[in-house]
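To start, the structure itself, in structure tokens.
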């Protein structure tokens, strides 16, 4: 059969650093094709070249047997390639409707936008994803997950022949992931091809037909999913022996066995103006406490409230060092707390700053000697963490925006580890991180916990929570509703706890 | 869930919190003027006020669109001057030639702005700063440093000096029609939506496949055209092409837009509130003149500057308060 | 290596532009290679450069300061009021000191006003500083009753006309200010925080940066430097005309900063770049003037040069 | 015929100033304010901040307020014609002050009563004549500092001077650049032009402020204004008279801003039904070494 898409010998370098070297990709009509590889392998770059966000340096692309050279995302959309980019490309200030139908608005007889029809159509499109929200509200009012679903809905609604999804599930919980799979299967049934990029290898086995594995900007293998194993894929990705890897195990949080130490954090009855309506949680030394719940249940908000990012309307936050809580994040940081945000792009990285400067941003006040920043010490610390976390970069002076998503995440983690905090709040710490790095990040966390650090862990991956946390506090609609204790938590029991407390799907719109 | 199709005042206020301040201030000011001064609401004052301020409204409208894309157009004042000179030369052919001619002259400079910003990727602030200098130079060159007389014989000056019923000048009618048209463009067409989207995130808008460059070209050319129209009003209402006019008008326009609640970072904007903002700033001058006429205190020119600054300060404070309250209720 | 040339060009665009300008001048401008030409240019560029340094810091936080000219007017109006006062006649040294310190303090207060508006009340910088842009000059005129104040005060005039090692005093001042702020930006906590706030405000906040204080700080600095510039203008002229001091300075300063490589969206603060930008703009002015280019044509030429300089400077990035 | 003016105890008088950014304008406004009391005026003064269009709007707002008489220094010759016409239509007699409007469209004795002021071209001419008479060298190398580009005093003072000085072929204008009527600009421009044309020995500035700036530039460059460079200008400010006394400046042709008393006088005559000439010429004095010291106390 003729492939729908054929990319050959694609080269691309950024400022002299090669991101793709002779990369290849072939997609058959109607197949769901996975593209996997470690952080920085070049997956996103390959996609962006296909859709005209970047220009390739050289190489050939054929789409539907015709030479293809998109000059803009618009052109690829108009020619049947719809894309959900890894960095959410939506406009938060505008309404949900606009974000979904913009560029393809229904018109009235006079050629003007028919808003009534547009809202209706948007509600229909989102309904396929089990999302029922007020579509006239600004998209930014909704959580990352809703936003991600919106992006997916937009792409899928475009009637394309090829839908590209770059890590679509990174902020979805299991239920939405299932919905998404339903949509993908529907696309496949209609003969639409899907390129599916993900670090969750389990997902591939559920929906993908084939997988292209990339390493260091090249294709290293193409596998039929049916005839391969997770271990096999990982081996390809890392370029190692399968045996070697199987010895190591996949999730390294391995919690549930800990004697809880001294009380680090005691948050009670947290209320905020936005969404929190009664959350209590405590963390002890050397303990990982998970926050479980569906999206929008208020996990991120609870973390922000503890870190004094959001104002408390009611409730108290006490830590061992600051019994009265904090007035602002600066005070929280001085009080020994670190907070890894879930929104890397918007509130994590400072894009134009170097890796070095990004990493020491929170630590800076402690690096000051005689009024100036101690550069030698700064570099020493940065180098230490670059090595320890295996961060892939050209130089520590490189602007962080040039790093791949996973490596950016490691830099941000290092930003907080460097503080030697007592308590770490980690909001989706392994989002968008490849298996290898995820494993590394998890073992780093574990190492710190062993040394007595307390961790408040938020994760949409139930597996990560179940295996990692000593206790899980379940949130629902901004309230803490139950608590599970390890050992003994299973994914089923967690889902059960969430389900029991939940009265209906997709509720809690920001109204 | 609320029904989105019926009008709900509370929701409207929440959604438009940014622009409520300007309406309140406008009403308060008009009421103040009407009560305090004789003839303030007389036909003569209303008519001349609207005629003069139609120029500021129209450049503020163009500016509003530019600002919504996260850009800025500092060149409008010079473009007004430039267009007024071009129009003065065209005036013997009548308004039917001069009006499109002036608008085209403005659009040409707007096009230059668009070229600098889009093709050369010069930041809008700098690109339009350059055309601000350039257009002024151009106006002086083609006018030979002189103000240029218009042809009083043709129908040209009727446009700028005539009015309907002695109270509604033609200029304000044209500008009002334009405002309505632009309102529709903004709210009901995809180019308008794209304009607002760009301000909310240019990269994202591009990745969504929206015609970012086309929309940006549109706003700069529109802004130039609006300034061109203001130039027509200037030349026909004041009887001359004036190469030196328009100094600082860009700042008035920006202030009008912001007072109207448009975010300077782009992404949110309102056409009617911008009109209200322009009227409000114009009213300050009008009221100061009337206050001087009461003879109790006579504000010297520099006190007037201080008062205008203070006034802007108060409106901005009021606006940020109202919008904060609105946001709180909205969450 | 595509991209290599343009990157080089972007990095050294300012220096290249300067070199080109110098060569053109050597070729066509009469008596360009004279020491006096250097003095003239240094004394004329100093105020722009000083204000541009402050502007650079403000822009680095993604702000802008339109009020610099008005602050210059306020400071410039105050100084003669003080040293011509009876108090200063009675205590000349104290009076001189006060006539330098008080205006700068008042300038700092103006900056505080801007900073509070921007940082604590969330007013957009262009508008926040527009308020003072409009009213500041009015205040200066109210202070002086609109009068031109002229004086002959050698002590005070030193700021504008004095020389050290044969070079104008204000030239040295620029060098000192540039070095100090270069150090602050590149070596101190405050400097790093400026860049962080401009680069990603939310991230800065999350990492414990006192965003509001940093923002307020840059407006205060910008106003303080403008105050100094205002004093220099008054000192050179031996007169203070509140209506004119610092007129259009904001545009020159912004243009200098941007030609020097500052990004208007924040996150970069090339201090020496800004000084270089000021020098380039000054040299363009000088070239056009010395060669008798008519004012209106000079405006067009200036426009073209600004566009070109920034185009070269920005480079192209993907 | 301009509208008549009734004899009244008190008049509501409009004065529409064009801008207040230089000492001359400020002195003029002050002169009107000072006159108001003595002349029984309720004065409404507006300020157009340099915009001709705003000046028309200001006049409009004064018409709306029902003024009896209008004194108008028109910012520009042509753009202020509508203001004159509207005042006439509203039955308000208008007197133009210090600048006039385009005589081809609006005429004294018809659309407005009269123009009170001096002649900018003549001012330039008188400076030229003085220079021709008093310059002692064989070759006059002239630098001209122009006023705000495009403004009518700048245009007129330039043509009045240029046309006359060039009749004598001892003189050559080597550079003519704008100093925007401001001292600081005047100084900077002079510094630059002095570098390009070191042989200059005459500086003609369109106003005293720029002349003072030029003197400073000359001194900073180590030249001796008054000895090796002759500085001449127009206005008659206190600083300029002082410079003449100090020997740094040759001449300044008066352009007096004190129009208040004259306005009061002419208005009274007009109300009394006397006929007013279309141009009430102000006799501009000329200040030189001979008389500067006598007049410095009345200067502003």
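Here the chain labels run A, B, C and D in written order, and each chain numbers its own residues starting at 1.
Assume contacts are C-beta pairs under 8 Å (C-beta built on N, C-alpha and C of every residue); 3 or more make two chains touch, one makes a residue touch a chain.
Each chain and its UniProt protein: A = Monosaccharide ABC transporter ATP-binding protein, CUT2 family; B, C = Monosaccharide ABC transporter membrane protein, CUT2 family.
Just so it is clear, the structure is predicted and the values come from calculations on it, not from any experiment.
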**Message:** Can you check which chain pair, B-C or A-C, has more C-beta pairs in contact?
**Reply:** B-C
**Request:** Please indicate which chain is farthest from chain C, where distance is taken between mean Cα coordinates of the chains.
**Result:** A
**Message:** Please tell me the distance, in whole Å, between the geometric centres of chain B and chain C computed from their C-alpha atoms.
**Reply:** 30
**Asked** For chain A and chain B, what's the span in angstrom between their mean Cα positions?
**Response** 43
**Asked** With chain centres defined as C-alpha means, what is the inter-centre distance between chain B and chain D in Å?
**Response** 34
**Request:** Mark out which residues of chain B touch at least two other chains, giving numbers and ranges.
**Result:** 140, 145, 300-302, 304
**Fill in**
In chain D, the residues touching two or more other chains are 20, 149-150
**Fill in**
Those chain pairs meeting the touch criterion are A-B, A-C, B-C, B-D, C-D
**Asked** So in the complex, which bits of chain B are touching chain D?
**Response** 37-40, 42, 44-45, 48-49, 52, 55, 140, 143, 145-149, 152, 161, 234, 237-240, 242-245, 247-248, 285-286, 289-290, 292-293, 295, 298, 300-302, 304
**Message:** Help me check something: in the complex, which residues belonging to chain A touch chain B?
**Reply:** 53, 72-74, 76-78, 83, 85, 88-94, 98-99, 102-103, 105, 111-113, 115-116, 119, 132, 134-136, 141, 154, 273-274, 509-511
**Fill in**
Per the touch rule, the chain B residues reaching chain A in their complex are 1-2, 4-5, 184, 187-190, 193-194, 196-197, 199-201, 203-211, 267-268, 328, 331
**Fill in**
Touching chain A in the complex, chain C uses residues 1-4, 7, 183, 187-189, 192-193, 195-196, 199-200, 202-210, 263, 267-268, 318
**chain D - residues contacting chain C, complex** = 20-23, 26, 146, 149-150, 175-178, 182-185, 187-189, 191-193, 195-198, 209, 212-213, 216, 220-221, 239
